[in-house]
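Consider the two complexes below, in which subunit A is the common component and subunit B and subunit C are the respective partners.
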Partner chain A sequence: MGCLRFLLLLMQKKDSFESLVMEHIRLNGAYWGLTTLDLLHKLDAVDADEVIQWIMSCYHPESGGFGGNVGHDPHVLYTLSAVQVLCLFDRLDVLDVDKVADYVSGLQNEDGSFSGDIWGEVDTRFSYIVICTLALLHHLHKINVQKAVDYIVSCKNLDGGFGAMPGGESHAGQIFCCVGALAITGSLHHIDRDLLGWWLCERQCKEGGLNGRPEKLADVCYSWWVLSSLIMIDRVHWIDKDKLAKFILNCQDKENGGISDRPDNAVDIYHTYFGVAGLSLMEYPGVKPMDPAYALPLDVVNRIFLRKRD
Partner chain B sequence: MHGRPRRPDKPEDAAAADAKAAKLRDLQTQVLRNHHSRTYSKEALGLSFKLLELNPEAYTAWNYRKLAFQHNLGELSELEAIKSSIDDELRVVELALRQNPKSYGAWYHRKWLLNQKLAPVDFKREFGLLDKLLKVDARNFHGWNYRRFLAKFMGVPEEEELKYTKDKISDNFSNYSAWHNRSILLSNLLTQQRKGFESKQKIFSEEFELVTQALFTDPSDQSGWFYHLWLLAQTSSPENPQLIASWPSNGAKLSLSSVREANDKQNTPSSFSSICCYSLKEGILPIVLFFNEPVKGLTPSSVSLNSDLVVGKNIQWRPLSVTDSGHSYCWVTYLEVSNLEYCSSQQFSVEASIPNTDDIVSRSGSSYNCPVHFTFTFEPNNIDSITEDTDLIHDPISWDCSEPLPSHVKPSCIHSDQLKITNALIQEESKWHLERLSDELDLFRELPDDNSKFAKLTLARLLLACAAIKSRGSSLIERRGYCEEALGLFNDLIYLDPSHKRYYEDERSLVLMDQLTCNMESFMKYCSVQVLPNLAPLNHVQLCRLSLTCIGFVERLLWVQMLDLSHNNLRSIEGLEALQHLVCLNVSNNQISSFTALKPLTEILSLKVLDLSFNEIGTHPINTTRYICPTPFSHKVEACEAFEECQKKNINVEEFWDAILFFKHVNLVQLGFEGNAIANKENFRTLVVTLNPSIKWLDGACVH
Partner chain C sequence: MEQPAAAAVAAEQEGMAQGEDLLHQFERILHHDPLIDEVGFLHPTQFQSLDRSQTGYSTSESHEYTQEYLWCRDHKLAISSEVLPKLYRTARHAYSNSATAKDAALLEPDLMSHSKALLILCPDMLTAWNSRKMVLSVSYDFTKLKDELQLCTLILSYSPKNESTWSHRRWVIKKVSEHHQDMSGLVERESLLVKEIAEKSKMNYRAWRHRCWLISYMTREQVLDELKKSARWNELHVADNCCFHYRRSLLLALLDSHCIEGENSLDFKSEVHLLWKEELRWNEMLIRRYQGRESLWIHRRFLSQWWVEFLLSGEEMECCAAGTSLIDLFLSQEIYLLSDCLNVPADEFGEACIQAELAALYILWISKATP
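Our next item is the complex of A and B:
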């Protein structure tokens, strides 16, 4: 797959306008790129120590959070990416786990929701992020899980999906976050699986790709958001996997590597990751299977939760 | 990076791109420097303005501006100066939104400013901005979220907002965002019983009319169909939970025994149905209650049990469900019968009743309001001759679904009208529902576009909704008619929309199960009493080669002891947990792909024989029930002792965790698993024998 060449190239190409516009989310980029490499059995192509050193340079020891890049403010969005990357390398030992867990759990609000940082923006994305981060660190007990779950449930819509906040419209990305958070906390019974499953499977468009909301265009990134949600609620058989795989492969840049949002558009790391992750969820040959809730390779998640801990 | 064409860089563009990149790099560096040195001068703020105009996603720059705003505010005392400072911020947001109308950072900056409540908000400006944005993109969910925020912030009545959604829908029917907001507002108004919204029936009738207009205008647009589905769901389900079945059923007279000689007993009165109840060996008799929707709150006080048998205080109602939720369709309690002194023909009667109670509630919070009362009688036989578990089954059971069922012996313990619930309130409610649904049915049968998949699907759903209401009455013939027509529609849909084939197959499977079991005459073709050598007679149901993909209507199968579901396409057996008398289950030749998918079976204490041959266990690396049932990943099961036990025997826990969780919780005597990928894996047999020591036959061969 041409992805590998594209990924390695991207890690060196920091000065283009495209890279600069994304500079503030470089830590997310690291997670997307490195997870993709791992899914393709190529994580050893990077120098783990170098990566970890850079990750830790985004850390804010006074708060316990990570910024999107060196010098950028801490936020849960990047803290989760940092934790996930460290999980890939099995190197959570470099973290002050208690401090990081305190940072994310400290952002829970009275109503059970979570802010993304000290400035108070509330979104169900942050609920997922905090819950996922704490679970990976074995510190879920630091938050009021019941309240967190109740808040997510209050964002459930009449179409079975979830929005960013109570009353917010259902959106596949947001649905992933809410379903993921409920999955990790053993609370999927709050979901009407048939209702949501049908809404999600109707995201498959004629050309095989998935969209994020009704009457929108298909986009490779929804291969992840929709598929992972469908898997968590055991309804993934309701879509046509072959057609979706074809759509993703059609979005590959066969000359230079990488995957784009739609056929013949410009490739980027975000869509490359989501394309490969989508293929992984469909058991595509040569790609490692992925866990739909923690968004990490299955072997990494199994190691974290099944390995005997002291 | 969405929607950017993939084109090779032209050399003449390179210089311009470099210059643009250099400018951005420069701005980013300077803004971060000012942020770190807490420089909040006018000039410094100007740089952040430029950066955000170019790249609204630079979140640290928004944080920087908030800090600067707070810092500079300290120096301002006059309202005008504060206003102008706020105005600067609002302008940055507007310019940033022009660059990216979906910038999270920009939208939040605006909300944050308003929430500071430092100056009166110019709502005309705010709604003006929104109108402009939603005109460009009527689906911008940031815009809609902001609109809901504003409406709440300034206390706009929800009735007003409801009008706005109608305006938007009239502009363009294909506006899912507007339909969505409408559903939210309407639910709120109905719940609060606001003036003009007291009658759900009146409001819903109007809504049906509105949405039908949209559907007939453009049947290929999804937006209206989802709204219609919501209305339909609200119209077809009863408001309050209802008890729809039980075991034993009302009026049942059972002669219960725990050993195989049961049928030979001559002193059994003829009106009694003999049933061999395996759980009696453990001294318990299960009582199962089945509701039309998941409920919680069954306790000795919300369900009263009276009996001439000493019921005792330790009655515990347990929800039977795969998920660990407290809510369930199906509840069980075990009557203790072991300490009874039996005379050969003593009869015991049990009365169960559920009054109106606020203790039993559905997921939506509505409470139980249709009182039921039922009684059954049983006569224990031979309970004292306790034998060892394995003695019950002397020889391995072999299944043969090609053999026709013996027609002369039929289970006598089942009744078609398991519970007669007569409640005037429900009848009245159903009447409106049925009329409404019939109107819709007539309408959709006339929809001109014959090949619209949504039209067909909606028609099928309407038919099933009517069928469900019919089951509350007694018109089973009509019910069969609805099922028949719906089956035809699902068959059409499988061809019309092959991408979602398996969705329609699941739906079809449920309708098929409904059709097969809804009347006794047709159901009896699949039922028999199985008299196997050396085994007590078992109530047997054989549903083979029917292309079933999932299980439904289990409330009609509560009495089944031996169930053959082989040669179907089952990938899920959810629902079978309700079958508390099941002893033998054959699910061979299906598509079950993991042990977590078999979790329902761990709820059945009586299960002894299980045939899993020729399924897909071990074939798929992605497990789709990994999060449905309690696992270490969902934080409902801690890595258990069984894991350690397996580790000691060199069994790979990361590979076999789902098998370990399954075999730890069952007590099988016979298991078939050939024809699954997992069968060939090293250590799997060791795992089974270690965790399930009662096992006697594995794949037909004796273990010991």
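Our next item is the complex of A and C:
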């Protein structure tokens, strides 16, 4: 697969306007790129110490959160990415775990929802992020899990899907977050699996790719959001996996590597990650298996939860 | 070796001076024309073709260098893409300096001006939005908050899906709502803004999410009014699932409000029933007119599922003379619609085929949803 060459090239290209205006989400980029490398058994191609040093330079010791890059304000979006990357390298020891757990758990609101940062925007994505972060840090007890679950359930629609807030339109990305959070907290019984499975299966388009909402075009990134949700609710056999794998492989840039959103479009790190992650969920040869809830390679998740804790 | 190094330093210094000139001029334009409603990032060749005989801002002070790259007239701003990296870097640097300065209060105007310049170039810069929130939180100033909405509107005009901008906008509205009882005017303008953005940016999840979020600030009359107004728009955008979801949210808000107000609940109930019946009729008309539209059928799933529940809850009271229940009557009408859709002759675009498929899925759905 040409993805590796593309990823390594990307890390050297820092001066174009496109990469300049992406600087605020570099931590997310690091997670996408490094997880892809790990799925392809190539994490050793990067200098772990260098990466960890840079990750920690995005840390805010006063709040306990991470910014998207050095000098950027903390937000849960980047805090989860930082924790996930540290998990990849098995280096959670560099964290002040209590402090980070305090930061994310402190963002829970009275109704059980979570804000993304101190400024109060609420979104079911943030519920997933906080729950996933705390689970990886073994600190889920720091939040009111029951209320968090109740809030997510209040965002369920009549079609079985979930939106960004109560009454928000069902969206595959938001569904992944809600299903993932319910899976991690052992609350999947709140989901009508057949109903949600139906909605998710209707996301498969004629050409095999998945879309994120009705009437939208297929996009490689939904290979991850939809497939992982289907796996968590045990309905993945309802879609045509061969056709989907073909669609993803068709989005590859065969000369320079990388994967795009749709065939013949320009590749980027985001879609490369989601394409490889989607292939991983379909047990594609040569790609490590991925955990559908924690969005990390399975061996990394096992290392965290099966290792004896002191 | 020394000479080339010195030349490089000189070139760098000149570059920095040019960057500062640009930023200064850029911020001056933004300051002089607070009503700018459009920004274009133009390729140098496009930029050359602009009429530069007379620009909107005074040229006496402006540097010749900057005139090559910035242009503003009739509240339209153009920036040459050639200088974007330089302008961005300078704005980023200036913003960082003012954000980390010790004497924050003194530098507040600088912080607002630099963060604004930076956000117009890169609206994703969450940290710059936060700096503005910090300044605006110090004391409540309605005029400043209105300006903030204006800045968001400008950015959304060319970046309609920008998450940080929508989020900042909601923060501003929440601030205003803490000090104003009557939000109806503001909510109406917000709803209109989403409508305008949705015309240019199809199925924009973030924009429609904003509109759904506004419902909690609406009065019952406003909800009814929105329903009435959005019908025509939806008829022109039948492939847009978001606009139908918005109607679903409005309808559910009406159901909610009738639960709250106990006294007139019977009247409200019959009013909502009438609305629902009308929505079903309208939706069927659209389904028959526009073949093979997924969003129309999804809307029907929602309407029918609720309708069956309504009928079930009132079943004992209302029964037809012939002995058939209202539910059976309704379902037989739906099956009649299905058979109509299955019998449409094939067309060259395959729409009849998709229509038949969607109709069959719909009936299957309803059969699962009906106890």
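Assume the second predicted complex is superposed on the first by the 310 of 310 C-alpha atoms of A that agree within 3 Å, B and C clash if a C-alpha of one lies under 4 Å from a C-alpha of the other, contacts with A are read in each partner's own complex, and residues count from 1 in each chain.
To be clear about the criterion, contacts are C-beta pairs under 8 Å (C-beta built on N, C-alpha and C of every residue); 3 or more make two chains touch, one makes a residue touch a chain.
Computed from a predicted model, the values in this text were never measured in an experiment.
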Should the pairing of subunit B and subunit C on subunit A count as a clash or a fit in the superposition? clash
Scan A:A172 for contacts with subunit B and subunit C and give back first, second, both or neither. neither
Looking at A:H24 after the superposition, I want to know if it touches subunit B, subunit C, both of them or none. Which is it: first, second, both, neither? both
Under the stated touch criterion, which partner chain does A:R262 make contact with: subunit B (first), subunit C (second), both, or neither? first
Answer with first, second, both or neither: which of subunit B and subunit C does A:L80 touch in the superposed model? neither
Look at A:I143 in the shared chain and tell me whether it touches subunit B only, subunit C only, both, or neither; answer first, second, both or neither. neither
Who contacts more of subunit A, subunit B or subunit C? B
Partner chain in contact with A:R213 - subunit B first, subunit C second, else both or neither: both
Between subunit B (first) and subunit C (second), which does A:A164 come into contact with in this model arrangement: first, second, both, or neither? both
Of the two partner chains, subunit B (first) and subunit C (second), which one does A:I231 touch, if any: first, second, both, or neither? first
Identified clashing stretch of subunit B versus subunit C [3-11, 39-47 or 489-497]: 39-47
Please write out, lowest number first, the residues of subunit A touched by both subunit B and subunit C across the two complexes. 15-17, 20-21, 24-25, 67-68, 71-73, 75, 117, 119-121, 158-159, 163-165, 167-169, 171, 195, 198, 202, 213-216
Residues of subunit C touching subunit A in their complex? 81, 84-85, 88-89, 96, 121-122, 124-127, 130, 133, 167, 170-171, 174, 203, 205, 208-209, 212-213, 215, 239-242, 245, 249, 252-253, 293-295, 298, 301-302, 305-306, 361, 365, 368
What residues on subunit B touch subunit A, complex-wise? 1-7, 17, 20-21, 24-25, 28, 32, 35-36, 55, 57-60, 62-63, 66, 104, 108, 111-112, 139, 141, 144-145, 148, 174, 176-177, 180-181, 183-184, 187, 221-223, 226, 229-230, 233, 321, 323-325, 327, 498-503, 506, 571-572, 620-622, 624-628, 630, 632-636, 639, 643-644, 647, 653-654, 657
In the complex formed with subunit C, which residues of subunit A make contact? 15-17, 20-21, 24-25, 67-68, 71-73, 75, 117, 119-121, 158-159, 163-165, 167-169, 171, 194-195, 198, 202, 213-216
So in the complex, the part of subunit A that touches subunit B is made up of which residues? 15-18, 20-21, 23-25, 67-68, 71-73, 75, 117, 119-121, 123, 135, 140, 157-159, 163-165, 167-171, 183-190, 195, 197-199, 201-202, 204, 208, 213-216, 219, 231-234, 236-240, 243, 253, 260-262, 264-268, 270-271, 281-283, 289-294, 298-299, 301-303, 305-308
